[in-house]
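Before I ask anything, here is the structure I am working with.
Note that the chains are named A, B, C, D and E in the order they appear, and that numbering of residues resets to 1 at the start of each chain.
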């Protein structure tokens, strides 16, 4: 696993880059990506609909059928502004679409809703990748702004639309499908986190170096980022469940409740993993404490046994002219015997104190 | 007790297995069980009722009497779908029945309620076994989907039905009986946890190795799983207490309140055990700290007494030609006497500092 | 104080003994007591009232005057059932009366209220004794079920009734008197806890062994039990303050508010003591850490001073034939002088680092 | 600073002294003070008002003008009862006036309010002095019961009344003035606490003994007492802000809001200081840990360098007849040289591990 | 980074300087600044407006156009009072303008609102500078009181006003612009804090001295100050979002919601940084623990190997006349060989215990 301090998080909200500008002024505040911007337009409905292009979007604003415009990459402000203006998306909502640091939320702008959400992916090297999503929804159109291309969360939704399974559905159902895909993605990340926690728990009794607490710290930080990403969505989906907006059909309510359930479940999994990490670190500290205590006991036993005896033999290594014991025939065995008895006594005492 | 990392939990929600599918698509997402699926049908009422079979279920949908269909094992999607469709259970509810990772809740689907709950059992080896329950309730029918056979929670309810004690009761009372059995099961598990906490508390002053914190950790994790299993039930039962649905007779309200009380009590017991575990770990750490301190004091006393004396006797073991003390008649007793006085002084100092 | 693990709590809710029975089935689930059951009946009112006996209770149900039936010991289910049925107490309430693990609460059963509360006493050996109380209150009767005899909380209330000071009062005031007595009892226990916390705080700087953290743990667990006993009462008294039930006279509202205040105050005292215990344990750990550090410093100073010098004198104790220094006339004083200077230098260094 | 366990708090609520008495029975439950009770009466209004005496108080109950009766010392129950009855103060309120352990609150007794508050002062020796205040307010009278004389919080209010600056004001404004003075007093105490926290923070890197954590503990306990003193006032002032009582003029509302703001600010300061104390203790523990680690390293370096060399010189101090090295001409320099090289190698290893 | 105890915070609320004064009495309670007070007046609207001076302010109270008066430095009470009285600002609001310790809030004074907010800046030396802002808003005027000159937060707003981009806007939009600038400033500070946290996290594995925990403490304290500065603003902006005051146009509501979002986001960033700091300190403690354990192991291995051998060679250094081994031809190699074997055995044991 990576060292402490290595940036294992990508896309988490950066602060402080837009101080002093007009609110609603369209400025892209994320990390600039040089990839080209992709706009894909999908129209579907009961009957066959003409293809739409970026220049004819305004005509799609009031049906028939549903027009879904997806923008991959929001660093080209002009495109965002043109598409946003075509559908009459509020200036503040356009700013939210451009600003990766805006929080997940549902904003009611009269004739359209604007939803901010965050997609989470886990890279192969363990990096947590947070991608910003802005979704404007009107009666017959949905525009999704994606920070970067490559998020595969929309693919299955697109496939379902193309397969015709959602043809009869209004835009609220399409919004549900996208958000459901985003929330399902959280569980994939959480499953990866769970594996890491399992691995840490399995190795805690053997872990010795500083890597273990460092890994726990790394995981804790990434888990915290994920949790803060999901947390505001709970409230946002709550307003969708309340469902007071005319765009939200009453029939979709069980689906929003289902989504809310998933969000709550994801948060509970986060908290559960966090608890387990905390408990694992406690366990690690207790293990280290115990180990230090054990090492201390070995040292104390060795030192307590041999240091006094070394003193004794030192005594009889002195070169005084008048040391009568040295001349005594049984001096040597007497000293050795006394020491042996002392050692046995000390060993018994150590054993009684459970130090050996 | 088991080592850290050993899976002591079975059936706890797995994440990330259903990303990208239609919501409401019936897919079983638990651990596949190859046991055959058992369907048991029970009809009861004021008068004698004909036996029902799986193929005639639709006729039971609107009485007379109460039909209780129990499905053991939800991995056969066809059976779940057939029975679910027979009673008109909502597609999302059917999905919840199949999905062991869905949270405890009460969903209002107009003419029927769908309740998700989790049964908890403690295996003989200390494994915590969480089993998923989905219960659809209509005016004259109740369908319970159980993840695995072997849960004995329904046995007493069935016995009471057969003994005729519930013959007059509507389906809401049957639902109460099943949930009550599930909640009672939590207390059985909590009693087992309480014994483990008692045992840990009793052994904390003697515990030395890394097994103690590891056991605390194990218990903490399992307790956390149980708590998260019970927690959402609190809210779900709350909606039953509010009791706005026409299926819920006003007369059963004291029973729902009673059930809510039990759920709250179970949660309080969880928290109490968790507090005690936390406090026990603190105690363990304090005990280890104290013990290390004690070991250190013994080492310090031994080393401080004998190391200086070993130096002194080393001095008179030197082989210099001109060391007048060595020739002095009383050199040897003088040195030994001086050392004895020093030792007594140091012992007094150690005793004053409470190190001995 | 007692060792960790010794049961210092009596009567705290046991779990898991009633799984699978009918709710409302009268089963006593506490620790079976073989003491005989005592039933005392007290009637009072404006005028002289005939004595009542257990067999004539039903007549007392609708006045005149107030009938107070007290049952000491609830293990005789027949008596509980007979008295409960005489006053029309709800089956679930009767179960609550018998079940010492039911939580404090106020249940509205139409024409009567049922209140569950817990009395707390501190035994002379420091055991915390929790006793279950179930109180049914009607317009002209009050039945109190007490788990064990010996709780002196009712004595002063009885004395006040007999002294005639409550003759004019309705049953709601009698209920207040009993609950007030129970809550006052909490403060007696809390005062004892406070003394123990004071004693622990006073001894923390001198405490050395494992008894100190163990005592803190013991106290923390008992305090937790008391807190969980009081906590649900807060909510229960809240419903009495709201006072929507016809039994509760508006005039008694200041008294209920007063009672609520006392309950809140008791909870605050609990939290305050818990905080102080936590802070005391922190202090203990800091003291032990500091002490270990001090012991380490003494050891290090002693070892650092004498181990190098022992080496030096060891060098001149070697028996090589060719060691010119040994033959030198000033070898001995030179070596001793060099060592003295080194020692003084090291002492200065230790003093600068504040190790001495 | 004082030792742990020394009572640095005076007047904090004592528990358990009133169990079993009638609620509303006037008993003084604080620490008995033998100081004489002082009653001061102040009348003011648009026109000149006759002086009032204790015996003529009842006439002041319904104006004209405002009568403010202040009672210093509540241990003389008769005086409290006489004055309380003269103004028709509710029995429970009189009990609250006498009982220093009752919580801050605002009680609505129909024609008058009763407010309980606590004054906090910091003595020169750092003792936190909590004084009980009970204030009854009617349309044209205000009675303040003060536990002890010497609280200077009323002096400025009295001065303002005498200076005529409050002559036009009704009793609600007088109540505000008193409570404002009490809350301002909290800030004085908090400023003292802040200085102590500053001093602790400044000394944390040098602190060595057990005094530091003990001081933190002391401060934490006193801060906790202050916090629990202020906390219920928040709610009490909230009911004044809601201002539903006819005594509270709508025009005073900004003033109550202002007072509520001050209370919230005081609570935030408490929490801030508590956080800082907690963080300071963490820092202290980290510093002690680091220091122990450093001491250990010095010990390990010294011991690892000299213990092996002492062994080597011990080898050549043995008295075997056949030890060829001893006879070798270059034995001595060879041994010394080898040891020097070993030492240099070990020093390099220690330096690489950053132990020196 | 600075040492613990160095004042790294400027302008944070000082307590206890205003006890005993009339509420609403205009006294400046901040740190007295001797800088001259600057008053700048800006008028704008649809048409050209005459310049306003301090003496003609009252005429601007009711339009036409918007008059924005900015006061840099509030220590000159006369100016504050004159301007405040000119616009009819409530006495309590004037006090709030002068008092840097008053909390962020929105006060409704009938025909005008008074908003208190705090600007945060990070100085180059890491000092957190909190500056008090009081803003009175009427239908056609806005007065901003700034504690010190030099806050650049108003500059961009002024530029926008001068550039004519806000000419059509009412005072509520101007208020929004100012608060938005203040909140944006929090993100600049938070970005600086984030860098410091990143730096600490990157250095935790190498950190050895007491500087590391001290730096964490410093950052924690400053972060706490910032958090407590932002926290009350959440509630204040919430009342603006509710938007019941006639001054607040419904059309500005999305802007207030946007602002609220930013405030919540800032608070979440605070909490995230606090979490990370806490986790970093835990990591540091674990690292130090591990390191101490490692040092202990080296010491124990060294001592355990050499102390027994030193004893053995000491034995054969004794000068007894009768020690037959000394005379034996192979005594020396036998002793050395035995010791070598013992050492190898111990090394194997240490390796098995993972100590080397």
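Here is the rule we go by: a contact is a pair of C-beta atoms (placed from the backbone, for glycine too) under 8 Å apart; a residue touches a chain by one contact, two chains touch by 3 or more.
Quantities reported herein were computed from a predicted structural model and do not represent experimental measurements.
The fewest steps needed to get from chain A to chain D, moving only between touching chains, is 2. Chains that touch both chain B and chain C: there are none. Taken over every residue number at the interface, the positions common to chain A and chain B amount to under half, indicating a different-residue contact.
Centroids built from CA atoms put chain D at 25 Å from chain C. Residue positions 285, 289, 291-292, 296, 299, 303, 307, 310, 314, 317-319, 323 of chain D each touch two or more of the other chains. Beginning with chain A and continuing to chain E, the ring of touching chains reads A, E, D, C, B.
Per the touch definition, chain C reaches chain B in the complex via residues 3-5, 13-24, 90, 92, 101-103, 105, 107, 109, 208-210, 212-214, 216-217, 220-221, 224-225, 228, 231-232, 281, 284-285, 288-289, 291-292, 295-296, 298-299, 302-303, 305-307, 309-310, 313-314, 316-319, 323, 325-327, 329-332, 335-336. Chain contact summary for the complex, chain C toward chain D: residues 155-156, 160, 165, 176, 180-181, 184-185, 187-192, 194, 198, 201-205, 254-255, 257-259, 261, 264-265, 268-269, 272, 275-276, 279-280, 282-283, 285-287, 289-294, 296-297, 299-300, 303-304, 307-308, 310-311, 314-315, 317-323, 354-355.
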